[in-house]
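Read through the structure below, which is laid out as structure tokens, and then see the notes.
Think of it as A, B, C and D in the order they're written, each chain with its own count starting at 1.
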Amino acid sequence: MKDEKEVIVSVKGMNKTFVSTRAVVDMHLEIRQGEVRGLIGENGSGKSTLSSMIAGSLNPDSGEMWFLGKIYSPKSSVEGQNAGIAMMIQEAGTINGLSVAENIFMGNHGEVSTAGFVSKRKMINQSRKILELIGATEVMPEKIIDEYSFEDRKLIEIAKALHGNPEMLILDETTTALSQRGRDIIYKIIEKMKTERKAVLFISHDLEELRKVCDSVTIMRDGEYVSTLKGKDIRIDTMRQLMVGRELKEHYYRTDQKAQYGDEVVLSVENVSLDSRLQEVSLELHKGEILGIGGLTNCGMHDLGKVIYGLTKPDSGEVRAGKKRKLIKHAYDATACNMGYIPKDREKEGLMTTSSVSDNIVIMSYEKLKRKMLISRKSERGLVNEQVKKLRIKLASINQAVVYLSGGNKQKVVIGKWTANDAQIILMDCPTRGIDIGAKSAIYDLMEEFKKEGRSMIMISEELSELIGMADRVIIMKDGRISATLMRDEGLEEQKLIKSMI
Amino acid sequence: MNENKNTMEVKSIKMKEFRHNEMIQKLLPFLGLIIVVTIFSVITKGQAIALSNITIVLVQSCIYMVAAMGVTFTISQGNMDMSLGGIIVASCMAAGILGESSPWVILPICIIVSIICELIVAVIHIYLNIPTIIGSFIVMYLARGIASTIMLNRSANIVLPNALKTLDHNYFYCFIAMMAIIVSYILSEYTQLGKINRAIGANQSAVETSGVPMNKYKILAFIYSGITLGIASFMMFIRSVGVTAKTGMGFETNTILILVIGGISLTGGSNVRVIKAVIGCLLFAFLDNALILVGVNSTEVGLIKGIIFLAAVAVGFDRKSMTHIV
Amino acid sequence: MNKSLEIIKRGVIALIIPTVLYLLLYIAAPSAIGWGSLGELLRQSIAAAILSWGMVFGLKIGIWNFSVGANVMFAAIIGGNISLRLGVGLLPTIIIIAMTGTVVGLISGSLFIILRIPSVILTIGMMIILESATAVAFGGGGVTMLNDILTLSLFPNDVIVGIILYIIAFALMYRISLGYNIRAVGSNIAAAKLNGIGIDKTRILCLTVTGFFCGCYAFMAIAKGGVITPRVNMDSLTLTFDALIGGFIAIALERQINLIMGVFIGSFSIQLIKSCIIAFNMPSVFQQAIIAIFLLIIMALTTKSPFMDTLRQRMKQLISRKQIRSN
Amino acid sequence: MKKKFLATLTATAMLVSMLAGCSSGASETETPTQITEKTEQQTVGENAGAAVEENTDIEVSGEAKKLDVGVVIWSVDDGGLGFSVKKQLEHVGEILNVNFIFKGGSVDAESQIKDVENLIAAGVDGILLCPMVDTTIDKFTSMCDAAGVKLSLMFRSVMDEDVRNIVLASESFVGDVCEAEEDAGADLVDALVEAGAQNLALMYCEPGNSVTDRRQAGINARIEELGINVVSTYTMPAGTLSAGFTEGANSILTTYPECDGFLLSFGSDGGIDAVIQLVLSKNLLGKVHVASFDTVQDTKTAFENEILVAETCGSQADALFAFMMLYNELQGTPLSDKPIELLSNYVYVKNTEQAAKYDEYWSYENYQLYSEEEIKNMAKVYNSDLTLEKFKEIVAAYGYEDVLNRLGL
């Protein structure tokens, strides 16, 4: 055993539970000076939750953390930063409309201000130095940040993070969005931190990258610690095996391994383009088919979903649906052709969280329920109960507000909205985003039922395993283009997909 | 992921308070009415709940009642309408001038003018994506401006034709108010109009993303509000016999007070109910009446109203829908 | 060279609105045009600008403050009367009045945080309360100050006050961390939180600053007439609207010119509008309506909306067609 | 738990506020002694002392009933006429042991109807009213007839013919008092013309206020008559601060340099003072003159610099007369069995010393228009040989000189 001094952060028996999802369960972790620790696991396996707790932006339900031998319980990300733990999150942490320099010094103007007055000049000079430090020399600190790409902004964030010169840096899927250049910069930073005997916690989906960069890799699954590989043992196949967990696979996803669907085309997208996000995308959806669309977060697949459902107007190209090949110009054209859409951001776009379950489910079915202008409570209740039974939604009463429900049941309510006005084509954007393992499999079962009922589904997902597990065809997108189309069969490997993703 | 979890985190904390808060929201208006009535009937030694006085209160609340019925629909989308007073003066004046020839056009004209005004507000909001509060202020100022100019260039003041004077009777007001309540209740509880408008208030982007033709319902709501407001101005015209530039002054503030006192959250959503507006009207009228009964001077009344406003808002407003509000 | 050109370009764009209005005024009443009258208009704009400076902080952080007008009344009447009772000199008087406004701002700020209700609703509630409070206070007589505070309205004192407040506003917005935080919170709360900015603190301070400028406007208002009387029935919105417009113009011009100067240009434009109304002999009962419509136009141009988008596209198409024809 | 605390807190806040409302009201409906206490706080020492005496010997004489009178007026907190009317009436009420309930802020007919209804419900003996629209007056009278409440109008006579007939017929109608607003307006125009003004700028307030409407009508008529050039008619938006007047006037002066006279139909909210300040600061002394209704605060400078040529004021007496008619009626000693229609005079102030005196004797602090003796002499209860003629004489006599003479100056 090495002695305690060398340990930078140690996590002991951490637990974290959201509404009903157990995000992190009895987690133990020790990161030592000069160590680059990889952290992997499927989406929703609790990586981000764990790292946010270490960084302080989330507070654990139980368990304790030690930082440099002292007990450490940050209330906010700021406290974390002050203590010496900086974290890079997936979403953009920069603020548009402000200059680069202003962004870098946001929240702490201490060192660039004299007697309470902030000096622009100082701020800009300092920022220039800071940016040079990480080798992002071409970024002009006085420019408005909007003028820079997502990648540059990430780098600026990193510069900001490093400026506090932290003992430990947490990179939460930062590299996924970056080009090779950006990645190289980050690798350099990691090297540098290593030589300074500081620690890095490195979260990524790119196993190859992990293998290159990390000294050790910890694998999580469903919020639980699986194991930690060191040095030589870090092999891609072992990592994936541990991540996915073979034993699940059997009853988890679809059982049949053959792609099968009718040849009637229910939805067709003809070379749709949307400014820089989509280029000439064309695809067809058949009756009873589950079409998976995968790729990196900002590969344009989410925009494609919105375009197909008529929520965003494409610059060129068109979407047609139904037997009459109706042109879809607006979302209500889509609903008219029996389409349904399950948005990525459930809370914001999917649900009226303050309204009752019943209000949420019937909202699209009033036309159906209407009897000479009026909608009777009884018919409404009937329809709702039907859905609740069909989708096995767990709830106290159909009049309770949706906020009470767990992530999984919330999602079921969203689905219920569409089964209620029996949509034949369902667009699912990350249907299992941020819900626990049980609910996931429940939703997969539902999808299978729908398939049997002859409904067609488009499943946009960032989780390759579920694409492979559920889809008849998988379309992989890259920079707004379709880079590969793969049929369902035994040999469909995540590696294949990843290749065409990056 | 991280942010989403954060929001979920917040929700999980809110859950405990939610039930509590909801209960208060449900009961507050009723409690308020009961408390106020009892307090004042004690102080005034029963004078306040004498039948004669109750009738007065009822009749007085009628006009606001009718107007508030329509406003309930626009407010349930979270759209605040500050143009009411202006619209009333505009429609009364138009009706009064054109009605000099034949009194039977008065009601239709009131309604048409109000609908047009409300539509302007709606269009500004929908197509220019500007909060209704601004659009409605514009309409209000325009209407008042027009009214003032007309009055400035008019020697005789605008008078109610004798044919309609007979209508000026308690039963008339109460009857119309009752009709308005019934119709609005049905519309809001048993038709899409009410239900979808509440949904819009609860989470606009969800409704839009689901593919509901949202603008249609928004416009419908404003039209209905226009109709009721038109009827309200008709009643106003009859009750106040003549029209001046100041007719309907401060109507919008009072209406907002009414809604809030009734326990309706001005950001709309599922807690907007017709019945609450009714209670609000009664409570408001009763307060006005009772404060005079005990001899409070008008200025203090204003202050009291203001405090009650904030108090009611603070209790009645559900903060979970705060996300999309600045 | 290039930079200076850029600056000139910005300046030109920033001055478009007032220039157009000035030309209008010229058409209406050529006699009204001249350095003297221009100076007059500029001097008049100062007071209006002061209030808008307060407003623009709120707008920047995303708070619509409908209570500024009422706050001005309150500060003028309460603060004024207090200083009269104390019988203090000019400087203390000014400070007392300004502080009254500031305190009101602080209170509404705290309420905003405690009650967690939308700013629009809160400020309307505050407006009702403040208005009736001014009517109740001191028997509803308002305030009458005929001491040397009146000298503030004389040239050059008003200009001096204006310049001082300009500097203060500018410093608050661009020279201390509060300003940076306000802008950060205004454009992305989540990110601002992540970067360790205290949202609540910033909001309270922001509303307090607004209150301070209300106080300042209050004593300038007294200086102009010596008498301020209470207003009820939302009459104070007359003031609020002018302030709002100033703020919106400033935000519309933000890319061209700093907010504080933008506000001044905005207030100047309002003054021009008012003069135009008089010059064209329009019934001034429409003044509010016209100003409100002006506000609508500014907002329509600055906010993103389906209608404006289609309009812009149409324009683009037209331009391109023209080019094609010309080629 | 924050929310819980909040809920309770606000709930209590509501209760407290309501109770506050009630208690303040309750104290007013208490015994007469309490009323005097209440009013004592409002008025300055000497009067208060007097008031107590009065009360004591009221108890002795015991003839005069204690009365509740409702006052419906456009505003009691406009810092101007409405405000001074309130003060004047409170002063009188304290002498004659009358409790007033003021209902201001109702600027449209409908809410005035509400107020009257509520006041009747509150069981007042009489109502003093400044109606917004002629056409609602008959409605008021019929309401009062039904409730057996007496009604008297101030600042207003019934113009509309058929309404007038109905009103005069009703037994609840005591009478009305109004100034010759039109004439006053005309006089001000003349005053400006005398001072040599030929291009006038008129600053009006929004229509809908019965008093100012009639003033403006008078002004316009006179101007047409004399054929004077009006450069601009500027209607102040409701709620303009005095600063707003400055802006308006300034814009007028910049756009119409030839303008040499301002005429304000109302100045109670700092309007005149603002305009005068402006003329001072622009140093247009002698070039631009100002005439106005309502009182200027700083009359000294205004007159000495020959900016202000005339101001018309003192109309709070109007309310006093209207009230006295009502009072006599309510004490069961009516001045006449038919409704009385009176015209009360304005007080014109045209120079510094007049202004100084006016400030002294008409000011809110110590109303001395009529001493307590004289006020009682207007009440039959105390002065049995009062007749309608005598009362009319008193009213007709009212004016600048009259007040000073009676005060022995």
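In this text, a contact is a pair of C-beta atoms (placed from the backbone, for glycine too) under 8 Å apart; a residue touches a chain by one contact, two chains touch by 3 or more.
Bear in mind the structure is a predicted one, so any value in this text is a computation, not a measurement.
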Contacting chain A as well as chain D are chains B, C
Co-neighbours of chain B and chain C resolve to A, D
Chain centres computed over CA atoms; the one at greatest distance from chain C is chain A
Of A-C and A-B, the pair with more C-beta contacts is A-B
Here the gap between chain A and chain B, centre to centre from mean Cα coordinates and rounded to Å, is 44
Dist(centroid_CA(chain C), centroid_CA(chain D)) in Å evaluates to 35
In whole angstrom, the CA-centroid distance of chain B from chain D equals 34
Contacts with two or more other chains occur in chain D at residues 6, 76-77, 105, 107, 206, 235
Residue ranges of chain B touching at least 2 other chains are 3, 148, 152, 249-250, 299-302, 307, 310, 314
Where chain C touches two or more other chains simultaneously, the residues are 115, 135-136, 140, 190, 232-234, 237, 283, 285, 288
Touching pairs here come out as A-B, A-C, B-C, B-D, C-D
The answer for chain C against chain B in the complex is residues 62-64, 111, 115-122, 124-126, 128-129, 131-133, 135-136, 140, 190, 232-234, 237, 241, 283, 285-286, 288-289, 292-293, 295-296, 299-300, 303-308
Within the complex, chain B is touched by chain D residues 1, 3-4, 6-7, 10-11, 13-15, 17-22, 24-26, 28-29, 68, 76-77, 99, 101-111, 113-115, 117-119, 121-123, 132-136, 139, 160, 206-209, 235
In their shared complex, chain A is touched by residues of chain B numbered 1-9, 11-12, 14-15, 18, 22, 186, 190-192, 195-196, 198-199, 202-203, 205-213, 269-271, 318, 320-321, 323
Chain B contacts chain C in the complex at 3, 80, 124, 127-131, 133-135, 137-138, 141-142, 144-145, 148-149, 152, 249-250, 252-253, 256-257, 266-267, 299-303, 305-307, 309-310, 313-314, 317, 319, 322, 325-326
Seen from chain B, its contact residues with chain D in the complex are 17, 20-21, 24, 32, 35-36, 39-40, 43, 47, 52-53, 56, 59-60, 63, 148, 151-152, 157, 159-160, 168, 236, 239-250, 288-289, 291-302, 304, 307-308, 310-312, 314-315
